[in-house]
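The two complexes that follow have chain A in common; it is paired with chain B in the first and with chain C in the second.
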Partner chain A sequence: MRMKSFLAMLAVTTALTVPGLAMAREVTLTTSMRNYGGDGAYLAYYVTDAQNKYVGSLWMAGGKTRYYEHLSGWYRATGGDTTQINGITGASVGAGRSLKVTVDLADTLFDAGYQLHIDSAVEDMRDSPNEIVVPLTSAGSGQKVKGTRYIAAFTYAR
Partner chain B sequence: MMYRKILLAAYASIGFFAAFGSQAMPFPPLTTSAGTVLAGYQESDDDDHQKELQRRHDDDDHYAADDCEDEDVEACGRGSAAQQLNATPPNNGLFTPGSRPQAQTN
Partner chain C sequence: MNRSLHRWFGLIAAALLTVLALSGALLSIFPAAEALTMPAAQRVSVAELAARVRAAEPTVEQIRRAPSGQITAYYYEGDQPASAVIDSATGMPVGSGETSALERWLINLHRSLFLDDTGRLIAAGGAATMLALAISGLFLTARRAGGWRFVLKSVRGTGDGRLHAVVSRLALPGLFLSALTALWMTAAVFGVLPEGAGAPAFPADVSGNTGVALTSVPLFRETPVDDLLSLNFPATGDATDVFTLKTARGEAYIDQGSGALLAWSDAGWVDTVTRLITMLHTGHGLAWLGLILGFSALAVPVLGWTGLWVWLSGRRDPKLASAAASEADTILLVGSESGTTWGFANTLQTALSAQGVRVYVGPMSKFEPGRWLKARRVILFAATYGDGTAPASAKGFIERFGGAHASAGLPLAVLGFGDRSFPAFCGFAAEVARIAKDKGWASLIPFDTVDRQSPQDFARWGRRLAETLGLDFELNHQPTVPNTWRLPLISRRDYGASIQATTAILRFALPKTSLWQRLAGKAFPRFEAGDLVGIVPQGSDLPRFYSLASGLKDGFLEICVREQVGGLCSSQLIALKPGDTIAAFVRPNPSFRPARGGKPVILIGAGAGIGPLAGFARRNRAGRAMHLYFGTRHPTSDAFYAEELSHWKKDGRLTSVSTAFSRTASPAYVQDILREDAERIGKLIAAGGQVLICGSRDMAAAVAAVLADILATQGFNLTRLKADGRYAEDVY
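Moving on to the complex of A and B:
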């Protein structure tokens, strides 16, 4: 009798654990910059849903808040609300350099119509909102996407 | 019988610890080392800081947006890889609770 209850408890524990392990996955976002010949680029990484509605931010490269308005897609979506990027802000990325961001993301973000956007901006140069817009899909993992202005290539891998 | 009990106990232990493992995250760093900066910072926009920056840039009438130019150079990792260990991300439903994003510039 004791054994049966123990086995039942074990089954419940396993059933609760396995989905938890499967729900999240480490995703690496790799962004390589062109040699555009300017200062460090500010990059805003954020996600929109299938209705193109802002869901949340993944990373902000660049720490000076007064320049955030030049990341116009992100700025319009958030109103410049810096609480959106608390804890996920790093340094700007220099020309010719690359930034690798590793995040644990919910599996539900993939193959569900979500899109990852990257806005970029460089001082004294043209702003580049939505320089990268890529659907988050299993098939898109590892696929290289070219940017239009400052970003040479972007990939996400899970 | 004894062997089965031990086996079941081991199996239960694995299940128990796996539950914690699913929420596992790296230990926060106790110290920062060279080339490692704490991300999640916001620059101070206080008046003194503004004046100081103004003084610094009035000479050539140029104000750089580049963080690497006038602030924490190590954060930019010029010449070497710089790893940025960030704080807890916002609870926006994108991140796994308890996870900590990491960024590395090369």
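Moving on to the complex of A and C:
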């Protein structure tokens, strides 16, 4: 039930960009990649709740569905369901580049045990599920988080 | 249609295909190098392998097996992610598990030209073009060979066209496979193919326990490493996670506490086929095939280059389009051996077309009166091959012409092309004219002949034709003399002056050519002993041909010339002093040279005919049996190549040398020593031997008669031998 309402919220908030709406705010996700010496990385951004249950996807960097199974955390949570990322898919991110995505996130997602996950994968290199797992909190906004394999740093800012 | 498709696709795509082919050829080396350095494969189960790897690297996250059998493990060193190739006997890391930067760069160039999806589509377009070229090229090869039956027989012809045909035939299977598999792989990347079942749904219920012994998981124990694609270990500290096993057969989730199989899905056929096709294309797992494809790919730049030259040289002598046989009012059929008669046909066609006459030009082998719906006259241009036989483009004409009735209202003219110095001057043309008369064909204009490509003879015939047709044209035929080179004489050896029959062995220097000239196709062309050199004497435009006694590899051009009484060219050649130059060009004669392989060769010649035979012996380094039978006048005056012959006999280039002298106390001709040696000659031919004869027409006829006798006792005949290319003459 909870998931349904979240999705409804996400749909509304991403569709509505009217300022002053109290229930949602623009959040900027900034991801800078290491020089890992490979092709463009696929990145899946998604949110889980306090019970570690998947609630929704925020962004998918990388367009070819046949590679999604390498984002194994996201794939496991969604069963590879591409309707989860309809309209929120972009290009893969090259080594040394960075990606900035702005999404509208409901205020209720913050300081309530929700976590933001990033799975990453690069062709012919190791898969890196849950490379970033960071709680969504007001205090965490603007704090740098380091990745383990491909991601040099990640921040979300409200 | 096929030809223009082949040409335009080829020209437009040549650069793209060259990039794809060269990068592909380089990429084919990697799987082979990997196969050489890979640890020996172990026949163990996944359970055993996984246990060994985890014992060596406790943080292991994933084990992958490449199609080549190479095992890679992904783990952590401290908190740094690491990967390594694993020796499956020990589970220990033995080398880097990363693809090298060079290989990755080449892969990206090869599949997408660094242009991502756009580039992939361009590369796929290249593959489709390659496929179209391979198929249209196959049809053209069949047509060039004279039918599908001959596609695998040795390629005829000369120069760039021949090189193009030879190389493409070798590379065709590889290029076809590469292009076809490339298209499938592109379709797979873009998701055009039906999707497989994918991973099974993630199990909602797990035991919640951890730490099952890898060696006690039934599925791991049952699965041999050879079937493994990848094994993912559960994330540390997540009791809800599972083992994920991917094999060629399907994908499974396994409980990390109990080892039980939680979910399974079969691999779809599309995935299985895609894996196979990827292996075929990349050579990963089939290194030898990869190398074959790589070598085949190297042919692409060669094919592009030679194809371009074939096209350019075709453009240099533009041919008028011929009217369709069913539309033409004048049918002009050509029987030509070396192609010179086609030049005359073009001159006539041009002149008639300018007068509004619709002319169909075709080979005499295309004698099909039933298709000539609007024809009002037939003209036959017939050259003669050898002793009066039909030339190449008139194969089967006599049979069809003799078997058909004369067409009413379709008058016919025959013009013969030949050389009066041959006994059977225009023999074939004369026979055609005789049959035409017997069959009752109406005569358009009387039978006539053109001697040695004489423009005057041709113009005279043309005036008569114009008069008969009531048209006003002049046939002004300029025989095309190829570009000539000035070659200086470097040495000469004279024989026979004492018996008033001067014969000289003349050696000319080859022009020096720069690398650029060679690349631009402007270098002195390749030639071998047995090819012909055309020499244009002063005071005539008509070249005279001599058989070459050397090849390009010898570094000089050598001929053996006997002075003819009143001969314009031979007397000029005999008068040359070292340093003087001649104007010369080369014409290939590929049917007259030792066949490839190690079968014995019998060389038979007399007089100046020794030239090409000496050239063959000079290049005979493989130690193949080569026997020379040679007739000349007198050992003191006419011992051509005497020093070389004794030297070559000593070092094995010649197995035997038998000489007949016709002006000694006991005169003998070359056919006499052949008869004496009948037994050996019979054996050599039975062993697959080849006979090459060079000299005068009379000598060749006498030799043929003796050989026919010898062969008859062995159950062979000359016709069979000739058809097999094992009996070739170069006579004058």
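Here are some notes:
The rule is simple: the second predicted complex is superposed on the first by the 138 of 158 C-alpha atoms of A that agree within 3 Å, B and C clash if a C-alpha of one lies under 4 Å from a C-alpha of the other, contacts with A are read in each partner's own complex, and residues count from 1 in each chain.
By our rule, a residue touches a chain if its C-beta (ideal position, glycine included) is under 8 Å from a C-beta of that chain, and two chains touch if they have at least 3 such contacts.
None of these values were measured; they are calculated from a predicted model.
More chain A residues lie in contact with B than with the other chain of the pair chain B and chain C. Residue contacts after overlaying the shared chain place A:Arg76 against chain C, while chain B stays out of touching range.
Of the two partner chains, chain B and chain C are each touched by A:Arg66. Legend: residue contacts after superposition of the two complexes on their common chain; A:Asp127 is shown touching chain C, with no touch to chain B.
In the superposition on chain A, contact is made by A:Asp39 with both chain B and chain C.
Judged by the touch definition given at the top, the superposed model places A:Arg149 against chain C, while chain B stays out of reach. Within chain A, the residues touching chain B in one complex and chain C in the other are 39, 63-66.
In the complex of the two chains, the chain A residues touching chain B come out as 3, 6-7, 9-10, 13-14, 16-17, 20-21, 23-24, 39-40, 42, 47, 55-59, 61-67, 82-94, 97-106, 109, 121-123.
Partner chain A is touched in their complex by these residues of chain B: 8, 11-12, 15-16, 18-19, 21-23, 37, 39-43, 45, 63-69, 71-72, 75-78, 82, 84, 86-90, 92-96, 99, 101-106. Chain C meets chain A in the complex at residues 61-62, 74, 79, 81, 83, 98-99, 101, 104, 108, 117, 188-191, 198-199, 201-202, 232, 235, 240, 244.
For chain A in complex with chain C, the residues that touch the partner chain are 37-39, 52, 63-66, 69, 72, 75-77, 79-80, 124-130, 148-149.
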